[in-house]
Amino acid sequence: MAKIRGDIKIDVEKCKGCELCIVACPLDAIALSDGINKQGYHYAVLVEDVCNGCKSCALVCPDAVITVYREDRESGKKEPVAELRKVTGDITIQVGVEEEGN
Amino acid sequence: MAKIRGDIKIDVEKCKGCELCIVACPLDAIALSDGINKQGYHYAVLVEDVCNGCKSCALVCPDAVITVYREDRESGKKEPVAELRKVTGDITIQVGVEEEGN
Amino acid sequence: MQEIEHHYDDLSVIYERPATLLDTRMHYCPGCGHGVAHRIVMEAVEELGIQETTVGVAPVGCSVFAYHYMNVDMQEAAHGRATAVATGIKRCRPDKYVFTYQGDGDLAAIGTGETIHTVNRGENILIVFINNAIYGMTGGQMAPTTLITQKTSTTPYGREASFMGNPLKITDLLAMLPGAFYVTRQAVNTPAHVRKAKKAILNGFQWQKLNKGTCFVEIVSNCPTNWGMKPVESNKWLEEYMLPFYPLGDMKVPSKEELENG
Amino acid sequence: MQEIEHHYDDLSVIYERPATLLDTRMHYCPGCGHGVAHRIVMEAVEELGIQETTVGVAPVGCSVFAYHYMNVDMQEAAHGRATAVATGIKRCRPDKYVFTYQGDGDLAAIGTGETIHTVNRGENILIVFINNAIYGMTGGQMAPTTLITQKTSTTPYGREASFMGNPLKITDLLAMLPGAFYVTRQAVNTPAHVRKAKKAILNGFQWQKLNKGTCFVEIVSNCPTNWGMKPVESNKWLEEYMLPFYPLGDMKVPSKEELENG
Amino acid sequence: MVEEVIFAGFGGQGVLSMGQVLAYSGMIENREVCWMPSYGPEMRGGTANCIVTVSSDEISSPIISRFDTVVALNQPSLDKFESAVKPGGTLIYDSTNIIDPPKRSDIDIVPIPASEEAVKLKNTKIMNMIVLGAFLAKRNTVSIETVLDALKKVLPERHHHLIPLNEQALHRGKELAGEAVPVP
Amino acid sequence: MVEEVIFAGFGGQGVLSMGQVLAYSGMIENREVCWMPSYGPEMRGGTANCIVTVSSDEISSPIISRFDTVVALNQPSLDKFESAVKPGGTLIYDSTNIIDPPKRSDIDIVPIPASEEAVKLKNTKIMNMIVLGAFLAKRNTVSIETVLDALKKVLPERHHHLIPLNEQALHRGKELAGEAVPVP
Amino acid sequence: MGELRLMKGNEALAEAAIRAGMDAYFGYPITPQSEVLEYLTREAYNRTQCTILQAESEIASINMIYGASGAGARVMTSSSSPGISLMQEGISYIAGAELPCLLVNINRGGPGLGTIQPSQGDYFQATKGGGHGDYHLIVLAPATVQEMADFVLDGWQLAEKYRNPVMILSDGALGQMMEKVELREQVDRATNVIPEWATIGKSKDRERNIITSLFIQPEEMERVNLRLQEKYKVIMDNEIRVQEQNTEDADFVIVAYGLSARIGRKVMEILRAEGMKIGLIRPITLWPYPYETIGKVAGRVKGFLSLEMNAGQMVEDVRLAVNGQCPVGHYGRMGGIIPGPDEVADVIKTMYAKIQ
Amino acid sequence: MGELRLMKGNEALAEAAIRAGMDAYFGYPITPQSEVLEYLTREAYNRTQCTILQAESEIASINMIYGASGAGARVMTSSSSPGISLMQEGISYIAGAELPCLLVNINRGGPGLGTIQPSQGDYFQATKGGGHGDYHLIVLAPATVQEMADFVLDGWQLAEKYRNPVMILSDGALGQMMEKVELREQVDRATNVIPEWATIGKSKDRERNIITSLFIQPEEMERVNLRLQEKYKVIMDNEIRVQEQNTEDADFVIVAYGLSARIGRKVMEILRAEGMKIGLIRPITLWPYPYETIGKVAGRVKGFLSLEMNAGQMVEDVRLAVNGQCPVGHYGRMGGIIPGPDEVADVIKTMYAKIQ
């Protein structure tokens, strides 16, 4: 099975080292750094090259410091976030978006 | 069937002539007076000698101006009101008194 | 009409104004249910023999003058705050019987927060809630319990749900709270209803001894003046319009075990 | 730990901080659920494209500074009064999307009356209610939603129902009101919960267009600092103790017909 | 000119509205007017009164302690306000309702059996207009025609059929004022 | 005597408690004492400082703008308070955390690698006591013995096992103060 | 000349609010001001489609006002003394967030539940800040039903000019009494300008708007406070309104506002008729207060009487204005009793005799 | 000598309340006074079995106080500025119903949400009546942690003596700072006397007791008001507390209370060291205010400075006291900034130079 390739970028200066992303990562790919940032926190870093861009870490990140990357496949090509960002003005009613479970 | 004899006394100066006792009386024995009291109200009076002391008039009287009388029979001899008036101090729990319906 | 001749001498008094209700003319309008409610509360106090250990709280509203009539120690409370005042009393004097006597504007509009939190804490007090679907004292404005389409001085074209919301069944909400021990809705428009309402009040006082939570008695009542009706008519309207929306009956009753493990 | 080498160039961004959330360090403690809740509210605003027509209200509590982070027009409200403030805004600007973002002390203690009456009137707003069972900003006092036996700075020996009442499930009460259009309880402690919570927020915003009543989203959250736990631990505690008492799920959902007859 | 009058009685007797009609009439006649009510907390059955000032000049205090005319429709009001009539002023009262008549001799005392007359006119609510008719006869503050004008303007359309009855009452009051004999 | 000192750093570094310990010690030595905190709205991570006055006379203002001693445990605090040291006064700072050293030459500058030393003592929380030891060495406000007495009184029984560690830290601080060489 | 009507003060105020283009009113029943809400529910929506909402409490009302004003609407609430006390937190917030709005207090007797009768017992609360912190309401005190109407639009214009809450401080008597009132033309609500600071949705071309009174950095908070004080100074310099009557030749002056000022005028008439040189100063704005007007007159008269329906509140401002130049007395009645012109005249004669 | 402790002002106050035999405390969290509630929940019940209840709001708190005080209990609540604003209706009721109780305001900066930093911006609210109607609180202003403790029992004794609410007006700095405090002995709650007017159940031998502030007949309401005013007069005659320092030889006097008075003392020390004859008057009771003390000194000095942590509030009382005898200045800082002794010294030098 071809692994979906993903990656994350962490804004380490805003990270407070809460470790929630670490436990959320299903692939155990994140850990705390040894060093500290200017705020005085050990920040999160990606330590295993196994990321598949599942977004779990980003979803639970209270400081919104994680950007998630993924290779362009038909399935994951465009996510609602990017798509809907263009929508403005009048909206249409829908019974919820982003239905995919986790 | 021997009728239970009753009577009512109305404090006419406090009566406001609301007529609630009139409609409450199952024997149609109460009516408004022709004259008015010092408050300016036509007050309630007992106009038929058929009262059996059922208390309906007194129960609905918003001004508590009706005293109810009844002949001493074993059934009606002592009512909770008079009895309980003597009670003081510690009370005992009961799931409600004066159960009789109407 | 001609009054009949009376024959009090050979009869016994079987019902009279309770001694706990002062012998004063009440300021209420003719036919107002407050009078009946006052009387049964005071009858309960008399019958239970607790006049010396009862403290009442009556806040702003038509019944603000309750202390003119009820012959027990009383506090007049700020609008909506009766249950907070009662909490203050009861927490400091837990051996007293404490009750509040509140109208719908007071209890279910401005006092909503206090009402809910008092019941949620399960304060061991009796709350008597007079619901006549209107503000009486200030002259007939919409109450939280005013019915849909009902006209008041602030809903001159009738209450409209989409604009003013639906009538608030606060008693139903309170019955859901664990702190509520006994919640019931009664009325005083007929002799039968008065008897039942009085029993509810008696329960509410007695069960304070158990220290198991708040007893709450709603009394659906009338307001002839502000409804623009004669008293008799108002009681009919109550039966026809109020009771279908505010059905009478117990919403939460203690179990036998709860009552016995006092 | 050693960071791996990244390879962003041949990948696409599939998730990033929404542009509606300002790129500022948030004052919240590490691991605080407020950050996630802020983010999903702002994601919803971005995805629906309603940034230009949204007005938020954040009252006193840890999230009083929400306006430092949310890039929409905002009002800071007095403690407990967010829904009254939102009512004022929405009644005057019915074409705007109005939401409040309130904590448990705010919404369910001091603001109980405003909360209930706002929902009872069916104000067409979204209320986001963060329930972390404690007062955060003032330093960890008991909240109305604090669990029984839970220790806080004002329940140093644990909350006791007989003295301080039971935790108030205000969301359950609100779901009973006819003015409530959509009432749901969500959490943000796991990725799955975050997704669902976000969907609830999206619903709450979108359905304002229908003018059919209040949308209410409770988010069960944590307070690592005042619970005295590390963030990860706090989310476990949340799962283990909060969720059994505050079970997640919808309490009131509009029917298909209600949604279609917009 | 200035006329300072108080109308006093029970709530429900129409004292407030008779004062309003007078004030409105004064306005029609281009006077300065002021109507000042005072009533108890009860919705009904309490006492009520209103002070009306009709003046050709600006009105300073709306509160008056001594009146050109006192109109009393029940005993408590008479007892309270008899002493407040200026010497030489007028005291009009409903002699049907009031048992203890006024005692002063330095004022014009005008007993009007207004309630009785209202019964005769088959509408007890018209009592206040009978009294107002008597007042106008005695004090000439405004004309009866103006009062009828005023009634047309203040009464809602659906009550306009009552205007003839009001007119009748005003005139009856005027007649009664002419016939009135003070109790000795 | 009077010693006016400010302890400043991040919340969580123990600046408030080191001030309290000093104040308590002052009280034990029969001085007048005042401890005055100041902190931001955040529960954690904000800046925090406290002013402590230990004096043989009654203390008037608890607010001081110029200090005998400034103790700075992070860069923002150093930047903010360097200028507030009285000429001839003392500036003690955690040289582990602070990268830009102070620049004044009219005061006694005492860099203490406190965080580093705390790691060596295997308890990062003891950092503040190392600094306090340095302060006592430099300022002699109270004796280390009194501070240990104070700790016994303020620490709950269950933490008394930490007292030896605290004592070690205080003495280490004192030593470091002796060794301290101001950055040129 | 506008439409002429005989109206109660409360109703004139409500009618004037409709005509002044009010966008929203939020209020709660309390005697003696319930007619405002009642009149508006009857009249307003049908005519101008504005929002009239009976709130669940005074606290809800004042916070609805906060929200609506923050959204740029022309808004009003009204209440009476206990209800106004409940609003004090909200009022302080509104002042702190600099939101323009109109607050009406139909003052009744206190303290506590007190009485439904008229009073001027809330002077301190209105002028010295019943809420916490350093702020000021602009306080207008009408004395006639005409002014009950006129001060509505005037009040909003001041509020909007300075982004400051304005209070109309009236009393139960002025609210309930009827006088002739000339009504202004209807303002078209569509012409109401939404200020650019209002929170109505952040358009692309501007930063987000924030309505707040929270400033956690002491330096910033002090800057905000100093800016507020600067604004108050400008208001003091420009917006004082006061009426003087017969102060040119007076040797004794009555200072009174609102209903009391009308009693004061009658007293002046009575005493002038008796040959006494009495003047009257009527502050129309109670804040900003006409210290200077009074201070100037103080230099040439023998005494002042502050006439109030309370135990002595405005008299402090009179004393501050007079600053020791001559004696200042106070006469007040309480509990809903309105001082009679005769009794006040007697008080002045006694005081006058002492001063001579 | 009592027990000596190093305590925060808030905690000293709470400890003193326990020791003074408090029967009940009702309160709600707000910075910077939450320590009071926290300390009490930790300490009080176990020691004296008194009631400590976290209410759902400040409004509930003040009304619980009303009820409990009406039932004869020795009660207290505490809050900070916005919370105190919310209590204004309740406070007016308590004053009107003449219920003794202790209210604590740990003043923070306003208006609105403002800041959690210390302030004296609530002087007007506390002394001129933030609530409606004519009433007064007795207001005590502590300046040390010792006084934070001492004024608790003192306050209750005053409250009970006069059946009047007493406020301790402190600020965030005094609440949070630690000083040595000598604690009084524990009062046995069992010795607390329940007054005969309390509503604790109508015994057979007396009429029912009624707690109310409602008096619907104007004459009766006025009688009640006049009786209140009489009481206030007695309090003014008997209960003023003030500290004077160096006023005998002073030619310039600082007037300051609470924390500001300590700054003022430092300023005086600085300027005396420079040879200037500066005195200090520290009002301890802010109501009743020491007008006479200040007025007397005013006759022999060249000027006053009212030093406050606000935009100028107490300065009005200083002016009323001085009544034009000499210039009165004001210096204040806001937003949580406590005026530094040096800056105040400079202000005085400038002012002093002008006066010469």
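Per-chain residue numbering starts at 1, and chain names A, B, C, D, E, F, G and H are given in the order in which the chains are listed.
We adopt the following convention: a contact is a pair of C-beta atoms (placed from the backbone, for glycine too) under 8 Å apart; a residue touches a chain by one contact, two chains touch by 3 or more.
If you're wondering where the values come from, they're calculated on a predicted model, not measured in any experiment.
S.K.: In terms of CA centroid distance, which chain is the most far removed from subunit A?
M.R.: Centroid comparison gives E as the farthest chain from subunit A.
S.K.: Tally the contacting C-beta pairs at the C-H interface and at the E-G interface, and name the larger one.
M.R.: Between E-G and C-H, contacts are more numerous in C-H.
S.K.: Averaging over Cα atoms per chain, report the distance between subunit A and subunit D in Å.
M.R.: Using C-alpha averages as centres, the distance is 21 Å.
S.K.: Centroid from C-alpha atoms only, then distance subunit D to subunit G, rounded to Å. What do you get?
M.R.: 40
S.K.: Spell out, as numbers or ranges, the residues of subunit A touching 2 or more other chains.
M.R.: Only 16, 39 qualify.
S.K.: Quick check: what residues of subunit F touch more than one other chain, meaning two or more?
M.R.: Expected reply: 41, 45.
S.K.: Counting only residues that touch at least two other chains, what does the list for subunit C look like?
M.R.: Within subunit C, residues 29-30, 52, 64, 76, 78, 109-110, 112-113, 117, 137, 139, 144, 164 contact more than one other chain.
S.K.: Inside the complex, what are the residues of subunit F that reach subunit H?
M.R.: Where subunit F meets subunit H, its residues are 20, 23-24, 27, 32-37, 41, 59-63, 65-66.
S.K.: Sort out for me which residues of subunit H touch subunit C in the complex.
M.R.: 23-24, 26, 51, 53, 55-57, 59-61, 63-73, 75, 89-90, 93, 97, 199-204, 208-214
S.K.: Spell out the part of subunit C that touches subunit D in their complex, as residue ranges.
M.R.: Listed in rising order, the residues are 109-113, 116-117, 120-122, 144, 161-162, 164-166, 168, 172-173, 176-179.
S.K.: Under the touch definition given earlier, write down the residues of subunit G that touch subunit C in their complex.
M.R.: Listed in rising order, the residues are 28-31, 34, 37-38, 41-42, 53-54, 56-59, 82, 112-113.
S.K.: Can you check the complex and tell me which residues of subunit D touch subunit G?
M.R.: Touch residues, subunit D against subunit G: 51-55, 57, 64-65, 67, 70-78, 81, 84-89, 91-93, 96, 113-114, 117.
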